[in-house]
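Note that the chains are named A, B, C and D in the order they appear, and that numbering of residues resets to 1 at the start of each chain.
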Amino acid sequence: MTIKRWSRDEMAAKVARDIPAGSYVNLGIGMPTLVGNHLSAEREVILHSENGLLGMGPPAAPGDEDPDLINASRAPVTLLPGGAYFHHADSFAMIRGGHLDICVLGAFQVSVAGDLANWHTGAADAIPAVGGAMDLAAGANRVLVMMEHLTKAGESKIVERLSYPVTALACVDVIYTDLAVVDVTRHGLAVREIVEGLAFDELVRMTGVALSDRRASA
Amino acid sequence: MTIKRWSRDEMAAKVARDIPAGSYVNLGIGMPTLVGNHLSAEREVILHSENGLLGMGPPAAPGDEDPDLINASRAPVTLLPGGAYFHHADSFAMIRGGHLDICVLGAFQVSVAGDLANWHTGAADAIPAVGGAMDLAAGANRVLVMMEHLTKAGESKIVERLSYPVTALACVDVIYTDLAVVDVTRHGLAVREIVEGLAFDELVRMTGVALSDRRASA
Amino acid sequence: MIPATRRAGPAMIDKTVPTLADAVAGIADGSTVLVGGFATSGVPLALIDALLAQGARELTIVSNHAGNGDTGLAALLAAGRVRRIVCSFPRHKDSWVFDGLYKAGRIELELVPQGTMAERLRAAGAGIGAFYTPTAYGTDLADGKETRVIDGRAHVLEYPLHGDVALVCADRGDRWGNLVYRKAGRNFGPVMATAARRTIAQVREIVPLGALDPEAIVTPGIFVARVVQASDRDDAAATPRAA
Amino acid sequence: MIPATRRAGPAMIDKTVPTLADAVAGIADGSTVLVGGFATSGVPLALIDALLAQGARELTIVSNHAGNGDTGLAALLAAGRVRRIVCSFPRHKDSWVFDGLYKAGRIELELVPQGTMAERLRAAGAGIGAFYTPTAYGTDLADGKETRVIDGRAHVLEYPLHGDVALVCADRGDRWGNLVYRKAGRNFGPVMATAARRTIAQVREIVPLGALDPEAIVTPGIFVARVVQASDRDDAAATPRAA
């Protein structure tokens, strides 16, 4: 292939671009934390961290880290003026109660129905850990997923049916991969954007599920 | 009769005497509020008011009333050093969660099983109002009831079965009337104290339900 | 004081609105309106007066009381704008407006124990589908409700109480909608703020972003849509009444 | 500083205790112990160390994590004192103690979504018998659980998570047991404090009664049995370890 896949940073920029000013957003552990780097202070977006922060600011400057001021990924962060602290039950009340406009999550797989798998590989000897993934996936108004389009073995992570354990059913709204941006709609998956140099038909072949072409240019 | 019935104030003093130092206590609307007058600052008892106060102090001095600092009976009160404000869901979490040691309630009737009626006369044209009565009766660890022993018509308010609408079942621990102090036990009603000049048998006759005599002097 | 609004850029969040009319704009006929306050404390009087002027009809009101005297909720009831009230303590010596409507069959009442009302509002805000509570088991207020014995104790199944709008009275607020309350004026405000699609707060003072202690914010702005200054009780009373 | 204890008369409430050993005295074998903290924030390290020294065995631990490195919870696990852990996120790059015990079948794990864990603790503290939550519906973590469709949405029935004891880390406390926390160190502390029969708080500073702002108290003293000063992380680390 001659295409240049989007980097994680380019994917994060696309997610950031699609977050309306004024949104309340939770950025999940891993790749989604990169989205924070692409949000500008002039377009206010309020970040929630499930360990009890609203109005989370940028990472703490070296030397200014405070072990009591971390995000859900355990990284030292800051709080913006206007931010607030609260306890875990209140924090997940925000999540489960539908008050978050958007959460951005990593994934192992997303199905055509928007089912999400991101908490467990299902391997028999793996130690399971779920954290807030199921709450976020079930609770946020819009769930945006960031993941590579293909596994290292070249299999599509967008699938007809999940083979990994479910995090939440029918929850994903948009999938951002290194090859495409795909909306999950009631009428199936709709491709909104494709990496330069990749034909729609080729994307369909690589993905292996039905996709419709809804690109602005299409 | 030659007996001198206990006044409301004497009843309140008996209730206060039976509240151990260090207790968390809610005093219901009406007669129970008198109990506060008999608690001394040297024997700390922490008063809860269901509208969001813990560590409630004495009534506000004339001229110092604050419409935002009232108790559940709508009377202007104060907050002691060490007191706290919280919202209604947290306040009733305290009540329902079994964190109150004692609540003191007025009553229309109490049954031998400790069933309580204190929220509604059941009259067809009466406008019903329940407030926090059902929550307090169901939630507090010990429910102390203050009421006159007899209705104006001379009928006992301690009954075999409630004829007024139920507030909560099997919730009352002690009944303080103007004639006696009666414990509600698994083995029935046990009289702990009788007003001077009234014989136990006479109390049983007036009450009309089985009572056992457990007076210290008996 | 420079209004907090002035400081917000075009893509900045600014939930403050200049007038009480702006604050209650768009409340539709038939809405369920959660109204904070307990007796004299924390009642959003200015917003209730503004709702009266605004004109929405066929309202369902969720409030601990059903109005006292002739002002506030009582005035809204007297104007025939309330179809139904969900309430723990409607009756009071000065609840004559409600009493009259109720006895005339002109208002519907759903009586709810105070703690169950608070918890149903909390469930609405917290995304809980339903919950079992011991309160009211065996009473008339649990008639017809599903019950279940859990750990040897009988419980009643209760459902969330959602609002289209919540009107709350706080002490201070900022342009992000963060709120702190004053003493027992807190009461139902914070939990109602979580339970409505659109929460409108009247505050004594709008403060600059960052002025509220993040450790002491009671209602984080995520729960609030609009903030309006209504400086005190006298201002509220001075608002012209439509009825 | 004069210890707050000195000021309390004989019938005054004084929940402060002088030593960490006093704080954890009486925790019985087989207890369910709720342990606050999230990663590095708000972990009651001094109390965990004191529990290790105290000797209680066959414990069930409820905590968001299952221990990191070789200290704190990990040390308690390594000493074979924990039979079972209820947890949302046991696995981490430095959770080797738990990992080893788990793979050897020497510790039982109940994995709970983080929000469901927080809500089950809240239910325990708030006297809720059970609740329906949409979280985890259709997943392995809801296997065998009762479900119900409410308003078109599928929910899972969850039960309260009670503790015999809670160990929480707060910033300041007073002799009535009122607590305030520090930043994201708040996390599970306030909700665990409500869910245990006996809540024990380590605080950075014990302050005189009345020093905490009543508008900003996060855990009212009604939820707290004992308060002990443990001045900072270094002190906690300096506590002799029994294991």
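The criterion applied here is as follows: a contact is a pair of C-beta atoms (placed from the backbone, for glycine too) under 8 Å apart; a residue touches a chain by one contact, two chains touch by 3 or more.
Everything numeric in this text was worked out from a predicted model, so none of it was measured.
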item	value
Chains touching both chain B and chain D	C
Steps needed, at fewest, to go from chain C to chain D via touching chains	1
Chain pair with the higher count of C-beta pairs in contact (A-C, A-D)	A-D
Whole-Å gap between the CA centroids of chain B and chain C	30
Geometric centre distance via CA averages, chain C-chain A, whole Å	35
Chain A and chain B: spacing of chain centres that average the CA atoms, whole Å	55
In chain B, residues with contacts to at least two other chains	79, 85-86, 92-93, 95-96, 139
Junction residues of chain C, two or more chains touched	119, 122, 126-128, 133-134, 181-183, 215, 218
Chain-chain contacts as defined at top	A-C, A-D, B-C, B-D, C-D
Chain A contact footprint on chain C (complex, rising order)	9, 11-13, 122, 124-128, 174-176, 178, 194, 209-210, 212, 214-215, 217, 220-223
Chain C contact footprint on chain B (complex, rising order)	49-53, 66-70, 74, 79, 85-89, 91-93, 95-96, 120, 125, 127-135, 138-139, 165-169
Touching residues on chain A, where the partner in the complex is chain C	21-22, 24, 42-44, 46, 48, 54-55, 79, 81-86, 92-100, 139
List of chain C residues in touch with chain B within their complex	38-42, 64, 88-92, 95, 98-99, 102-103, 109, 111-116, 118-119, 121-122, 133-141, 181-191, 218, 233
In the complex with chain C, residue positions of chain D that touch it	119, 123, 126-134, 148, 150-151, 153, 155, 159, 180-183, 213, 215-216, 218
